[in-house]
């Protein structure tokens, strides 16, 4: 007993001393050949929490694409390294993660949710660190802008969904307006989505019968009451700004009770087909890929590239198990990788140091992106202030286990309804 | 405070002092001076980790006063930090009050809110009281996220940094100085409260509330006071948190964080100020070690995947608490005292 | 020892019930300014309930208690303690996590006046007060001969010493009336003798009346000036030790029979 | 009117689920005075293990459930022996924190198994529904309600009518006295943990027939279970049942009528507001035991 206590004491002392030792130890840095530059990409996302099905695939996609750049020698003399941090979809872990990544000497940080980049923003501005996010908010892209995103404001994405509803609703045949509502998580993404949807629907009172937003806390399992409410409102279309697990719970509830409304989701919700299949056995009524102007315009080619890269760098069992190919987040990972590629390429061709975050940011605001015809050129600078304004929408369907996008509504200028 | 052999206190003033000998003073002053030089050579990562630890230490000290001394289990410390952080945010952004002036205000407002949730202590004890503080955790965060006109709701709000002249808390090194001074002051305050009249009344209530009442301590008033002081500390921690992140969001203040803080009090040793500080530093340190261990393991076993390391950090944290509760229920502080005693008495065992 | 006839504590006809159990019914008694009053009676007679009622821990449904002419029946226990009524407990109720010294200091609570702000600053008022009250407490420590265990945590002390610390804590309140609930329970003859000596010392030095509950007749008869006998919540006799010895009802209560 | 009736029906159904969660808490508390904060994690853990057995080992559902039941009994024995028993005689807070640390460990293990992915068990309850005008009653919820009631009855019978239950009641009253009458305190503790783990399996399975299995299930267990037992009183199984129904109804009406006024999410705080209010009036819950203090 006595010895055991001593042993425990010893272990504890060691644990206390360890941070000091670690502080003294030098961060392990791969020593590249003298001509090689190493770009360290920090990846901060949820890898084990509520949206991990998205985060994991995204991370794999990013890593695969960076490997692909290297193997194909698309940027000679540059090596890529990815350092990851798992924030468990918990905002209180983001700040620690940001510092951790900074300590690892990253040149830019790739992240996903709005709250992640928003939390990092003040520190990123102070440290002059470039952040690439997936979706964004107005606060996030206010001056000085250090956070750049692939997606429009969540507000606009949700508005564009309802725009699609107005375009496709048969007013003559039904003789009435479509009844629409939202169901959202009670977090920044959900609130922003609700704001956009409400503003849009209320600007078109003769075209849409807007019922309101139902807010549920993240982590809600039980959708019995919200589903009942939606049914009592008599909704035709319900847009869900939640990740797909909770949305499938809503679907289960809806199907079990025979409610009639259609649940559609875009943004985050459509990310994990594999999960969706495992969970519900049925697809969500409508999955929409809302794309910003200039991005993913040729979705099919993008998906083909994804297929090639995924099969090249992952074992068949992993692809099967984690469902990368059925997971659109894998593609987002690739797109993040492309963004990194564009920035670094641009910096090098301008004769600047690509390991400098400020240089990369400069590229992000100025540069025309031209990934060899795969993606048509766009500028990031127009994201400043209001986010990407022009959106188009695809409907996603699984064809032989591979998601196929079909363009269903063309450019929609979201700035118009705001006036 | 343990005695040095052959050294006897010759006055009561000296007997009740925290540092009774010159050597202790010198050691402390040198220690603090060394800490003050950290910003000169440390990377932002370490400074920021220290700032995070400062926030935790202050909040845990508050919890130590409520739970460790007064024995009232509180499961809402993190939500009360939220009150402190939003007090700064709302007062400075909406009313233009200087961020420095918000420091005591954050403490006061949080203290008063804390008293509201401590009020059930009049009738409710133990688990039931713990649960009413748990209610505080949920209700406060909900209210904050729904007062959208003031707080920006779930979208969060930016808080301006504290500035004097060219000195701004936005940089981690400047915040380090602020946090450092704040933490030292708060530790001293906690320690002083503990060793004077009010602190003894708290411990009396914890150890034997019946006897305390019969010996002239108004239970309700002192329980409320404990909540006020504990939540005052939480408010100060909230201020520091707002300065640390500059972007506050209701989802930053989780039940899990509250529970962790309780865990820190336990690991440090219930009822000791030093223990509370040690617990906070130890657990945050452990967390960080788990991060680094994860990263290291990631390079060695790349097949596991990063989430496995989150799992390990949870398991390690859980195991450490389990080990502490079983083998060292009196916490790190007790271990430290034993170590000091054996060092002093070396080479004799007794 | 001259006797004063001024009544310090007056209990008028108090009754106390817990649900269906009648703990006290119509008990009255007077305590003079200068006496040790013994309360005896078989187990369950209501002795502790009587003391609990005086110290405010229980609230009798009927009757009144006056202390120095002031009605204290409905006062909260802490207010009663502030008036100067202090007590010990049958089962020791110390602050187990504190040292003996701090237990005594904690009892100085009602005599100290610094608030938590003074305490937080410490230097100045709080420090002066600490030192000043420390002196008083040290006197009590000397009186009760517990110098050696001053800085020991009381939870770990042996029974006899804990009893002594508890007596010290009751004294540290600077009481005007001391209630002792079986201070000698579970002690051997020597310890009892010590304790009896302490009680008498306290009585002489501090000049305060004492109500003493005790089972050991020898001790009670020796040190009490007057005795009250309770049975089933009723007072059945009152008088000097000699009178009580002769009282038939008391003998019956203790020995049983018809 | 339809809305009110629908809400009442939903409230009762959902309340039944809450009671089911609360039963695990109450069982442990009644027999060993420990508030098991890890109950939510246990629910989730066993649900995940079942899922893993079905999807990875390709076992039939019944076989997987039997294996998990056996496993849960072992987990109960293990937890009791190595974490709870060493704490005998320590403060209440220590045991609370111990269970909370256990929760962390279990959550870590679940992340190792699942990597945070959502999982779903095959449907094993009837999935139809009855339609009565605008109101419909889902068979699944109804089945869960019935099973919950049966489970409550079984637990009450066990506690009041069986020898082991008698021993548990005695142990809860006083360890030392009970030990001196020849009842093994350790064995009784072990049994109560085993039963609590079995309850966790059953309620975990029932919950995951309704919802996806995910890390969030653990938080759900705590956020829903605690107000229920506090309302009903920690010691009372009947209280857990009634408390669950009260919370269920309060949530439904809170969400149905107050949410539109305050901007949503009110459902989450209703149980807590209710809990604080009731604790102010009845400090030991509606059916809790009132303690008489004596010195």
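Here the chain labels run A, B, C and D in written order, and each chain numbers its own residues starting at 1.
One rule holds for everything that comes next: a residue touches a chain if its C-beta (ideal position, glycine included) is under 8 Å from a C-beta of that chain, and two chains touch if they have at least 3 such contacts.
These numbers come from a predicted model, not from an experiment.
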- Task: Using the touch rule from the top, work out which pair, A-D or B-D, shares more C-beta pairs.
- Result: B-D
- Message: By mean C-alpha position, what chain is farthest away from chain B?
- Response: C
- Taking every chain's C-alpha mean, which one sits closest to the mean of all protein C-alpha atoms? B
- Averaging C-alpha coordinates per chain, one finds the centres of chain A and chain D separated by a number of Å equal to 35
- Item | chain C-chain D separation of Cα centroids, rounded to whole Å | 48
- Message: Based only on mean CA positions, could you tell me how far chain B sits from chain D in angstrom?
- Response: 32
- Query: chain B to chain C: how many Å between their CA centres?
  - Reply: 41
- Item | Touching two or more other chains - residue numbers and ranges from chain C | 57, 89, 93
- Flagged in chain A as touching 2+ other chains are 47-48, 52, 56, 186, 218
- Using the touch rule from the top of the page, what residues of chain D touch 2 or more other chains? 111, 115-116, 219, 263-265, 268, 295
- Complex contacts: residues of chain A adjacent to chain D: 46-50, 52-53, 56, 186, 212-219, 221-222, 224-226, 228-229, 232, 244-245, 248-249, 252, 256-258, 272, 275, 278-280
- Contact residues on chain B for chain D in the complex? 67, 73, 120, 123-128, 130-132, 134-135, 138-139, 142, 145-146, 148, 210-211, 214, 255, 259, 262-263, 266, 270, 305, 307-308, 310-315, 317-319, 321-322, 325-326, 329
- Task: Can you check the complex and tell me which residues of chain C touch chain B?
- Result: 55-57, 76-78, 81-82, 86-87, 89, 93-98, 102, 105-110, 112, 114-116, 118-122, 126-127, 129-131, 134-135, 169, 173
- Task: Mind listing the chain D positions that touch chain B in their complex?
- Result: 35, 37, 83, 86-87, 90-94, 96-98, 100-105, 107-112, 115-116, 219, 222-223, 226-227, 230, 234, 262-266, 268-269, 272-273, 275-276, 279-280, 283-285, 293, 295
- Item | Residue numbers on chain A that touch chain B, as the complex places them | 4-5, 8-9, 12, 15-16, 18-19, 22-23, 28, 47-48, 52, 56, 59, 83-86, 88, 90-92, 95-96, 99-100, 102-104, 115, 118-119, 121-123, 126-127, 137, 139, 186-188, 190-192, 218
